[in-house]
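Questions regarding the structure given below will be posed in turn.
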Amino acid sequence: VAASQDASGTDPIADVQGWRDNRHIAINWVGVRDVRHPLTVRDRSDTAQPVTATIGMFVGLPADRKGTHMSRFLELLGENTALELNTASLGDLLKTMVTRLDAETGRIEISFAWFMRKVAPVSGVASLCDYEVTLRSETVDGRADTSIEVVVPVTSLCPCSKEISDYGAHNQRSHVTVRVGTDDVLFIDELIERIEAQASSEVYGVLKRADEKFVTERAYDNPKFVEDIVRDVAATLRDDSRVKAWTVTCENFESIHNHSAWATISSTD
Amino acid sequence: VAASQDASGTDPIADVQGWRDNRHIAINWVGVRDVRHPLTVRDRSDTAQPVTATIGMFVGLPADRKGTHMSRFLELLGENTALELNTASLGDLLKTMVTRLDAETGRIEISFAWFMRKVAPVSGVASLCDYEVTLRSETVDGRADTSIEVVVPVTSLCPCSKEISDYGAHNQRSHVTVRVGTDDVLFIDELIERIEAQASSEVYGVLKRADEKFVTERAYDNPKFVEDIVRDVAATLRDDSRVKAWTVTCENFESIHNHSAWATISSTD
Amino acid sequence: VAASQDASGTDPIADVQGWRDNRHIAINWVGVRDVRHPLTVRDRSDTAQPVTATIGMFVGLPADRKGTHMSRFLELLGENTALELNTASLGDLLKTMVTRLDAETGRIEISFAWFMRKVAPVSGVASLCDYEVTLRSETVDGRADTSIEVVVPVTSLCPCSKEISDYGAHNQRSHVTVRVGTDDVLFIDELIERIEAQASSEVYGVLKRADEKFVTERAYDNPKFVEDIVRDVAATLRDDSRVKAWTVTCENFESIHNHSAWATISSTD
Amino acid sequence: VAASQDASGTDPIADVQGWRDNRHIAINWVGVRDVRHPLTVRDRSDTAQPVTATIGMFVGLPADRKGTHMSRFLELLGENTALELNTASLGDLLKTMVTRLDAETGRIEISFAWFMRKVAPVSGVASLCDYEVTLRSETVDGRADTSIEVVVPVTSLCPCSKEISDYGAHNQRSHVTVRVGTDDVLFIDELIERIEAQASSEVYGVLKRADEKFVTERAYDNPKFVEDIVRDVAATLRDDSRVKAWTVTCENFESIHNHSAWATISSTD
């Protein structure tokens, strides 16, 4: 039994995690998940937005080591309560974590609700809309491979229903999920707006009646299948030199069924 | 320390739950929840439908008893794998549970996905639609007070959006949740159909194109606010002598917002 | 068809919600839910903590009115992005909402993840722990009836398992949910600490090895059934003159089963 | 506008999905998800177990086709209500789906709660335990690539906590998720039992007191980190010639924290 000096005490307490392991099986990723922690994210206008993040932190574990030191992940987070999260600072956090955990590889995943101020199309009334955002960074060949994922709620209106019906067309809320790998500066708000522009209509917090008329007619003028939305979003991503890899997924919570329509396109499949 | 003979062994093992408690605080309900178990439910046509139930079982605990015997709830379930669930057999199960747990009062909650065969309105193609159903039974003044709850997915189409727009109208999936207290025979399928008839349109598993045209136009001909749906369902319940108490709730997963519209009416508030 | 002047335009747009209703059915509550919005909550030390809230806002609707004006709920929220939430300001928001919606009664529910700084018992290392908090306020007899609910994760260790086993005792994470009605000043952090003191052990973000030894032994020294935890928390609440009504619930995510043990005590049942 | 004869009517209704697409973007997968449907699965003893499945069905869509025909997925399911699901019949269903949807590639995912009868270790009392199972099949190079995934709840007891504490050791419920690719006969129950044997202890529905003593002591005698569990399960899989590819994941819902410990090993990373 190996023993190490615990930081807090004067007596040696066994370091069971540090024991030698003889099973000859390396572990791809080991760490903590479903950790909640407050962080800050700046938007395009340089405003700091406080967020409540759900975090996963993992390292690779060599075949000869019994365990990792889980408390160090949380200690590292505790030292970073003032962290302003972006792809660069996430890469730095990843490097620090790998060093602190005495590892070769690491992976961090950080998800949070993110708010954007939107202006209703006719009345001009402002309101907030919320989006799920996930930043991920992982050691690949010694450097940080970082991606941004956003889940964007939109309206989809069915082209078939419109075409075959004498009036009306079924429509519903859809979630467009886009994940992009990037080394460049790519603001979350910019990515969200680009996705919203490809739906039948974007959604809003507040819509006055004149706005409701506008978005109803805009969606009817702009019918899109789940297939159309993933294709149109994909088309805007493949032409963006800052985007290295991307996946677009759309789920329509069908208003005429109790199941979803779903489609996905990936640059790497 | 009281000791009792465990069924399985020859040595007495302490019955900690049976110890006397001196805090003078009775417990309203104590038991197990999130238990999953297979059961059978018959529908109107007397067909036995196997379901995967999620179950809660609870008893009241007197102030002078330290704990209840949790394993007895699961033993009782294990003896009832062939149980055909309905309001009568649930009442019997409740009585047996109260006796077995040496209690005065009890409560059982059983939820499951339930399927109904539906026929598309034009093509006549049959498919299944799924509904969440919960049966509850509770000791009240010495008898079983039993209720049935169904969550029914439907289409709602916004009357305001239709009225103010030159064409189209936003619509979405909604969940209508109805809970009725009853001593009488009231089939789950009958309750579901009654609720579906009050929506802008019911939803289906399979819709061919002729059906999609039909339900699109039916919803447009039949616009309803979340307020209209709860009122129209409530109107059908208050005239039914078999229904002793009822609550109607409707949640619209708005297609033009990222939040829900929601309304509720209860016979008892 | 009634018509009203929309704030944003010069043409009258039909106010469908304002139409007269002839079904003679009042609606208990109608409004919006699953709205996410950033807010601020102060803790005991007067530090402002930004939170991401999930909000429900509802009003009673008289029998003769067809619908409520949903956009006004969101407009009200939009005007209150700087709101510092506490029981007093929530009561004020409720009053404003009822007036703005032209209603007699209202109900607001606001849930958020809340963080408390905790110090590990031996090493003194600080870390954050997260709690789900819900504030509710509802019009009752013309005044605001307000409650605070917290979900507190703790460790529970089984007294029966300890008593009957030669060594060890099964233990698990539990969630203690306490809801208190109060008009008085009652800080969330105070309520949380009082609950944590009644568990086998509280939980922490960071525990160094000396701390892990401490909490392991503390839990073993302090075995509690789910029944014990709800009773011991209830005992601290019934003696607090600031608490008007309370409910205590505890769910043990049993480590030896795939279901939960669960108990509840309420001052009002 | 292309027009096709709908099965149900005499008038041609536009086949919008069949329109030509000019965006030159193929779609990896498009179809339906969150479809619930009853199915049957046989276990090792050849007993047919009815299950409530949640299903996703997808096909690849060529660049020149606007949309897929979603209703055909549900029609296919409706024709297979008597399907006895196993890896062979799933492969057949995949082939039929690809043909019916006029596609080159397809993917099907079917998840359900599955029950196994377990006998308590001392008392011999029988009870059911539930497991989440997912079967997946996907067209790869013209043949069906099929996998089985099970989520197995177990007890984990911390070796560090045991080693450093004078008495007791923290333990908790854990979920071990194993996904294996196989062409061979590999029964779900066999896979589950193999996983359970690698935990600190398996869990049960019913445990009498003599059993509770047994599993408490067994877990204490058999401490395992999250790292130990994934390694020990991996060791049993890599020696099984019927298993082509595998991933083992374990999540410990830590009893001394409000977050999880998590580890994963994959044969293909």
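Order of writing sets the labels: A, B, C and D. Residues in every chain begin at 1.
FYI, a residue touches a chain if its C-beta (ideal position, glycine included) is under 8 Å from a C-beta of that chain, and two chains touch if they have at least 3 such contacts.
This structure is a prediction, so every number in the text was calculated from the model and none was measured.
Chemist: Which contact partners do subunit B and subunit C have in common?
Modeler: A, D
Chemist: Given that subunit C and subunit D are copies of one sequence and touch, is their interface built from the same residue numbers on both sides (over half shared) or different ones?
Modeler: Over half shared, hence same.
Chemist: Based on mean C-alpha positions, I'd like to know which chain lies farthest from subunit B.
Modeler: Relative to subunit B, the chain with the farthest C-alpha centre is A.
Chemist: Between 0 and 180 degrees, and as a multiple of 5, what angle does the rotation take that fits subunit A onto subunit D by Cα atoms?
Modeler: Resulting rotation angle: about 180 degrees.
Chemist: Averaging only over C-alpha atoms, locate the centres of subunit A and subunit D and give their separation in whole Å.
Modeler: Measuring from centre to centre gives 25 Å for this pair.
Chemist: Which integer distance in Å separates the CA centroid of subunit C from that of subunit D?
Modeler: 35
Chemist: Could you tell me the distance, in whole angstrom, between the mean C-alpha positions of subunit A and subunit C?
Modeler: 27
Chemist: Residues of subunit B touching 2+ other chains?
Modeler: Expected reply: 13-14, 35-36, 74, 130, 160, 164, 205, 207, 209, 213, 258-259.
Chemist: Flag every residue of subunit C that touches subunit B in the complex, lowest number first.
Modeler: 1, 13-14, 16-17, 21, 23, 25-36, 56, 58, 61, 66-68, 70, 74, 159-160, 163-164, 225-228, 230-232, 234-235, 251, 258-266, 269
Chemist: Flag every residue of subunit C that touches subunit D in the complex, lowest number first.
Modeler: 129-130, 153, 155, 157-158, 160-161, 164-173, 201, 203-205, 207, 209, 212-213, 215-217, 219-220, 253-259
Chemist: Residue numbers of subunit A touching subunit C in their complex, please.
Modeler: So the residues of subunit A in touch with subunit C come to 6-9, 13-15, 35-38, 49-52, 71, 74-75, 77-78, 81, 112-113, 115, 120, 122-128, 130, 205-211, 213.
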